[in-house]
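To start, the structure itself, in structure tokens.
Chain lettering (A, B, C and D) follows the sequence in which the chains are written, and residue indices restart at 1 in each chain.
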Amino acid sequence: MSDVEAGTSSGRVEAFSDAVIAIAITLLVLEIRVPVVKDGESLSRALLDLWPKYATFAVSFLTIGVMWINHHTLFERIQRVDRRLLFVNLFLLMAISFVPFPTAVLGDYVQNAQAGHAAAALYGINMLLVGVGFLGLWMHLAAHPELRVAGFTDDDVRQALRRTVIGPLTYVVAIVVSFISAPAALAMYAAIVVYFAVGQISLTKG
Amino acid sequence: MSDVEAGTSSGRVEAFSDAVIAIAITLLVLEIRVPVVKDGESLSRALLDLWPKYATFAVSFLTIGVMWINHHTLFERIQRVDRRLLFVNLFLLMAISFVPFPTAVLGDYVQNAQAGHAAAALYGINMLLVGVGFLGLWMHLAAHPELRVAGFTDDDVRQALRRTVIGPLTYVVAIVVSFISAPAALAMYAAIVVYFAVGQISLTKG
Amino acid sequence: MSDVEAGTSSGRVEAFSDAVIAIAITLLVLEIRVPVVKDGESLSRALLDLWPKYATFAVSFLTIGVMWINHHTLFERIQRVDRRLLFVNLFLLMAISFVPFPTAVLGDYVQNAQAGHAAAALYGINMLLVGVGFLGLWMHLAAHPELRVAGFTDDDVRQALRRTVIGPLTYVVAIVVSFISAPAALAMYAAIVVYFAVGQISLTKG
Amino acid sequence: MSDVEAGTSSGRVEAFSDAVIAIAITLLVLEIRVPVVKDGESLSRALLDLWPKYATFAVSFLTIGVMWINHHTLFERIQRVDRRLLFVNLFLLMAISFVPFPTAVLGDYVQNAQAGHAAAALYGINMLLVGVGFLGLWMHLAAHPELRVAGFTDDDVRQALRRTVIGPLTYVVAIVVSFISAPAALAMYAAIVVYFAVGQISLTKG
């Protein structure tokens, strides 16, 4: 057993991941800027007009929240961390920490008839990359039984993989929907997070 | 007992919540922008004119600080975390992490005769949602004795609920006050946090 | 012994404080904005002209770093946390989390003959408030021996208080210097943090 | 043994360092601003034109990620923390927390024929300072065997030092390359992080 495998306990990697996820989720609010209204203009109207910013904030907050739960569920199955897992996890964290940018873009452009398509697609691409990161972690666990906790079998991993692959697939569909209608894509992103909230729960109940 | 109930210890959810709360409270300062003064203009005057930004910063900092203490007090009563509690807590964190936005809006517009009303109301609505989140957590504990630590009785939960409901009620009053006077609403937000600081302390002493 | 005193262990308050201090120290860099240069203008010149931003960044980073060490030293002497200590500590954290704002103001205006005075004074006032927060914590420990760890005597507290009071006093002098020369005040802030780095070390060696 | 040496456990310094590194890595995304497009302009084009921002984001994210792993590897060798090590570590954290600024500058100017040189050099200088910080920590460990964990010999430290010195040297070369071509320097920064990812792994396997 090498030093890094002995030393880099699953717990410490998880603590670092938790910190990055907690920071990314809390930075989302910074992308909502105070509206500037001149005398005579209505601030309440300006605040209501920001609804796409609130909607994308809420969808991204819940999505990152579900990612956090999924990440935790996954790391409960990990006993040891090797170097590859460390870098696949770093890629996943990079994708998660990027979420505030597409969130801001989608909030600004979802109502724009032309620009909305690209904004909605960018959001889906980011989420697709997050899903790929999760797939990568599960596939690494599938190939390396020695990293798993005792009692977590090949069958369990296959089941987790089958469920995890649904994420990237639905995001691919949502990216296609983006080119038809940005608001429809946003609605789909909201639906996906609700589905995964429920799905992740039943996974862990199984 | 399902996996998530066994695995998601109260401690880990609390650590994540603490991180989000600590980040939200520390991001507040970013909403105060450096004033731009031209040659001949007074920077000290410009800095003094920012008093509404300092006042809203201080009120929000203390309010989030009290929320942190309340959250901690609540989680001391929790032994196990189930999936619903996880998502009610996520809703609560979403509301807390949103606070920097209404804080910035109120700091910018509290002195504005027209726009001040909407700004003060938005602030109250955010705090109302936080209060609803806390109520939701206590109500979930009321319905699920098996999640509580030993010795925390139904009576204790009812007492906590009665005290927690005061928060949303006072914020509803403050929202009404917002439509009369924004500075008065700000003064009320300051008064509420002082009241809750004292109230929360006596709750935990009981 | 009340619930809060039993439950709010010194360790958990320290973890929350550490998080706030770590976030505040890391947010400092956000106050340095990318310079905008037009074709033909020199970016290297523009980057060099930002030296007051780098200087105030470095001074504030080291100052908050020393605050973190001092906070840790202080909490090593604390066994139990009561409600007052909780709120004095919250006041201290509020002052520390505010530091990025005066840092940005001083970096922008230290070279400005008029505005520099107010900028340098604001910085000193913020640091003075931090010092008052530390004094408040030590005074609370002086009055409440039951909160201290075993073996930390009244004499030890008095010695700590005598050393802690030097901070606010030097910052009062620096505020006065601000009205004579802003760059001189900045130099003094740099000198103070070096002094405290050394002073805090010899304190803990005593 | 002095108080600070006894009290400031390696674990607590490491937790603070982890927090600062996690925050710095997550703040990187804030330096990518939502592009403003007018009606008729293409958002997808504007998003594609931001590729230097994505590239510098990715390079800096991975670089800070590798720094985190290196920092962890180093602190595994530390049993006790003395005052100097505390301040060398603080200097290292200052350099790491500064990374978002040169990242933003390089992302904005890498394609600019004139300004690109200074932007690329600034980035290299920041990384050079990080490397110097790591060298400082290892040199301190070399001079103070009493701070190391049992079994970590002088030979091990010398080996670590030889490997650590490669970092600053390659960044010096990259700074020179900056004055020839900014995109070439950016490519080199990407190559360095890949090299260190692999190198750091083989170090810990040795």
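FYI, a residue touches a chain if its C-beta (ideal position, glycine included) is under 8 Å from a C-beta of that chain, and two chains touch if they have at least 3 such contacts.
Because the structure is predicted, anything quoted here is derived from the model rather than measured.
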| item | value |
| --- | --- |
| Chain B on chain C, rotation in degrees - Cα superposition, rounded to nearest 5 | 90 |
| Same vs different contact residues, chain A with chain B, by half of numbers used | different |
| Most distant chain from chain D by Cα centroid | B |
| Separation of chain A from chain D, taking each centre as the mean of its C-alpha atoms, in whole Å | 26 |
| Where chain D touches two or more other chains, by residue | 19, 23, 27, 30 |
| Touch list for chain B against partner chain C, complex | 18-19, 21-23, 25-30, 32, 34-35, 37, 39-40, 42-44, 47, 57-58, 61-62, 65, 68-69, 72-73, 76, 197, 201, 204-206 |
| Complex contact set, residues of chain A against chain D | 2-4, 7-8, 12, 15-16, 19-20, 23-24, 27, 30-31, 83, 86-87, 90, 93-94, 97-101, 104-105, 108-109, 112, 114-115, 117-119, 121-122 |
